[in-house]
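The letters A, B, C and D name the chains in turn, as written, and every chain counts its residues from 1.
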Amino acid sequence: MACRPESDVEKDFPILSTVFEDGRRLVYLDSAATTQKPKSVIERITHFYESENANVSRGAHKLGAIATSEYAKARETVARFIGAKPEELIFTSGTTESINAIAYGWGEENVHPSDEIVVLVSEHHSNFIPWQQLARKCGADFKIVDVKPDGTVDLDVFRKAVTSRTKIVAFAHVTNTFGVIHPVREMIEIARSKGAVTVIDGAQSIPHISTDVKEIGMDFLAFSGHKMLGPMGIGGLYISKRRVNEMRPFFTGGGMIDNVEDNFTVFAHPPEEYEAGTPNVAGAVGLATAIEYLEKLGMVCILDSDRTLLEYAYKKLDKIEGLTLYGTRDFEKRIGVLSFNIKGVHPHDVATILDAHGVAIRSGHHCAQPLMKHLGIFYTSRASFYVYNKKEDIDILVDAIKDVKERFS
Amino acid sequence: MACRPESDVEKDFPILSTVFEDGRRLVYLDSAATTQKPKSVIERITHFYESENANVSRGAHKLGAIATSEYAKARETVARFIGAKPEELIFTSGTTESINAIAYGWGEENVHPSDEIVVLVSEHHSNFIPWQQLARKCGADFKIVDVKPDGTVDLDVFRKAVTSRTKIVAFAHVTNTFGVIHPVREMIEIARSKGAVTVIDGAQSIPHISTDVKEIGMDFLAFSGHKMLGPMGIGGLYISKRRVNEMRPFFTGGGMIDNVEDNFTVFAHPPEEYEAGTPNVAGAVGLATAIEYLEKLGMVCILDSDRTLLEYAYKKLDKIEGLTLYGTRDFEKRIGVLSFNIKGVHPHDVATILDAHGVAIRSGHHCAQPLMKHLGIFYTSRASFYVYNKKEDIDILVDAIKDVKERFS
Amino acid sequence: MDPSELYAEVIIDHQKNPRNYGELENKDKEVKLTNSSCGDEIFLQVKFDGDRIQDIAFYGRGCAISTASASIMTELVKGISKEKAEELYEKFVEMARTGKAPSSELKDARVFQGVSKYPLRVKCATLAWHALEKVIE
Amino acid sequence: MDPSELYAEVIIDHQKNPRNYGELENKDKEVKLTNSSCGDEIFLQVKFDGDRIQDIAFYGRGCAISTASASIMTELVKGISKEKAEELYEKFVEMARTGKAPSSELKDARVFQGVSKYPLRVKCATLAWHALEKVIE
């Protein structure tokens, strides 16, 4: 399949035509935090509110029927995108809620004192704190597996960490700090061989890497719509069939019951069982539209573009002295995330000066304090790429980095 | 203040110009389920995604600064609307999440065996099941207070039900089934006199009744954006200052920490402490825009219009034989919700035939099975009004109801 | 949409005077099905004569659509073989879901062809048929 | 926006050679403040002579903005009365938040007038001043 030229993709994103007061254009390199939205997604939301808006199910009117069927179609689209069945896909507000839902809904039911919960030191706080807190509450051991200085996992170290006492292994398929792709298949194989349940944080992987949950064999997968061109306030949680009976609904309320008696409630079947309250229908249909857009671009093209830009950036940045680039140099194990530090310059100053150049990056601990502490750094600056970025963006980034160096030299 | 003529308001809502294939126009009478959105709200969301979209806080770039400040402004608007301080207002995905957050975050920390949790039998499942489940988990008593056949509470019965063992009293300010307004001040006074914490389900009250949390004196208040002209996937949770220190964060993850160590986490201060993960910024600014729209209409005008339509409907419907109208006839204690049954006709048939007339109503148990069972009915049909409805809508509703009767006579 | 399309006279008639309503004196089997979207329920009882449905009856709580559909269904399948009933079941469900022109074998049950336009009511029309499928399986 | 507006030479200079950096030999009081949005911290030590700030020093971890601001602040308030320092504190915070033309009393600290255009960096510029307010209160 031929990939679309990068300059062509950019045009689909209204915000990317932003020009600031000083005449500089916006160079958006903060997609690992949140992505911009194509026209089609924005218009889909507008269309929903202008022509289809209603609460789902149980309503016997036409708008209700439309909203219900659009919501069902959205679930099919999102489920298909990750290789799941529709009833295995729960809509949540995002990765953080998805992971908490597993920690409460599966974790509290199944984790006992002296069990172990294993995470990587490189996890995002959203895939770290919920497990840390669950372990404390259940009296389980919370085991943090180190990663190598280049951000990759040492499979031998990981293998030793997972034991027959391990109940849950939770890790990100792709890290948000350095964009490192972990060997998810091998790691899940190791976890499963010890009987542990696997929770995959897909916040950074689902937007960039074609994923088939059945083939990979995970038990749970969490992801966010806003990191894959979709709206804010919507996300997904895949619960494999083999785990769904070991859970209890985490949120209770309207829309998830069969029958409510005074002292007990009979819950409905999944997915409804795990979606209490009025769902975010506009969010779900917006996310489905985002997925259709991604599929049209082609997930292979997206990862290709990531790597082309990353290699291009490395080539240019390698020539600049005093720059530390984080993460493995095996670009096959990377998505389009570039983490760096400039000697003697605080990352917050880097970000501010880049911003003055129109370049939007992020600096800080990236919600990954354990990794930062492990590596003995406090922060990094992070530029992250997505479908709408092009080589010219990298050129502007590199020039801006040079400007930072000059100012502080 | 002069109220805007009803026909004028309708024009602000694009979906209300819907005309079906058969030439009938949409008569939307299902606002208690979810409300339609004015142009200004839809446009605000579009504007956010086209010009302001970024993740909040920590970002040092211009878009991040805009998104952060718009999010903060939205919090101020929503907080002001209910008389709270910004730091007392947590954004959630809606009423259901808000109530669950209290049940887990406050309830699990403070409810002990032999404590009591008191609710009304008329509660929506979202304000019933979470307490039922909490009581089971904590070994507390779950006490359900009956209401009168007209849906109102008997204060003497309520007073007797609340004892010194009562830890939590949870009830809706306004019921979604019959639109009955409970005497919230008196009930809170009774609960507080026994030392109980009060949780108010404001899903139906906040959209219709000007509310000041300080004046009313509740501890917690939950509400949904989508029921007050705002987007789906956003809602509010008011946590009074005096309770915030008795809670622990319910969701953990990014954005709500001060410091993460291997085995413990120091959480940030409210409101951030209770908002883990990327917030729904587009939802929050959309909700703030909805509130600005409501304030321009005037909350007094909204409740006035509710009652005008309700009285008008009652006058017409009272003349039709075989109709049961639910709820007190003291219209001062009602919002624009009309629940009814037609003798010998199943409510689902009523809704379908009304739908064929273009009239969107809801029928079923309205997520209030305990009330339905208590009253010995299975379902009702429910027409619910909001700012965009007019007398002509009631005329069409009444004609459609007459048609139902004829068909089944 | 004209409500008369769905609420045809024959439906109103069956709703008011449901055929085969009540309990059998000596049933071989009974199933209960609930319509999860509204909580309505149907109890279906049959008496077999070898492979043939000798007698059939239903009772329960339901709307006009589900009551009339149950009534018409029992008329259709009383006296026929399980195999034939299974065939009708498949034809009915297909028609109710898609709105496609039904086989003439469905007789009066063809009145539900229009229900496909009311997606949330399809379950009402098919509930009794699903119960039938369960009771003969 | 021209980065030179915020990263003026005087700021870069103070960042590279912060004045009054380190610890006092005999401090009367020390406060530590953390910038919650990034985790950076400042330790501020003072030695009083009655109502006067006789000596002052700081150390910690921070960006150019916060380091330079701390450095300039210590130069400004060393030797003046608590009351006067409090006054400067209020003027500085007002200027940093609003971007309004500052009192000439702020001297070199006026270089932070432009920080109001970078709302997320205002905290960096004011951190040392907040520490000052705390240490003299």
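Rule of thumb we're sticking to: a contact is a pair of C-beta atoms (placed from the backbone, for glycine too) under 8 Å apart; a residue touches a chain by one contact, two chains touch by 3 or more.
Keep in mind that this is a model prediction, so the values were computed, not measured.
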### Query
Does A-D or A-C have the larger number of C-beta pairs in contact?
A-D
### Summary
Maximum distance between Cα centroids and chain B occurs for chain D
### Message
Between chain C and chain D, what distance separates the C-alpha centroids? Give it in angstrom.
### Response
81
### Summary
chain B to chain C, mean C-alpha position gap in Å, rounds to 39
### Summary
Between the Cα centroids of chain A and chain C the separation in whole angstrom comes to 48
## Note on the structure
Among all residues of chain B, those touching at least two other chains are 20, 58-60, 64, 259, 348, 352, 355, 364
### Overlap residues in chain D, where contacts from two or more other chains coincide
38-39, 118, 121
### Task
Enumerate the contact residues on chain D facing chain A in the complex.
1-3, 6-7, 12, 15-16, 38-40, 61-65, 118, 121, 124
### Query
Hey, which residues of chain A end up touching chain B in the complex?
14-15, 18, 20, 26, 28, 30, 33-34, 36-37, 41-42, 45-46, 49-51, 53-55, 58-64, 93-97, 99-100, 104, 124-130, 132-133, 136, 142, 144, 224, 226, 231-234, 250-255, 257, 259-260, 262-265, 276-283, 348, 351-352, 354-355, 359-364, 367, 369-370
### Message
Taking the touch rule as given, give the residues of chain B at its contact with chain C in the complex, in rising order.
### Response
20-22, 345-349, 352-353, 355-357, 364-365, 378-379, 403, 407-408
### Query
Okay, in this complex, where on chain A does chain C touch?
57-60, 64-65, 68-69, 258-259, 268
### Query
Which residues, counting only chain D, touch chain B once they are in their complex?
34, 36-39, 118-121
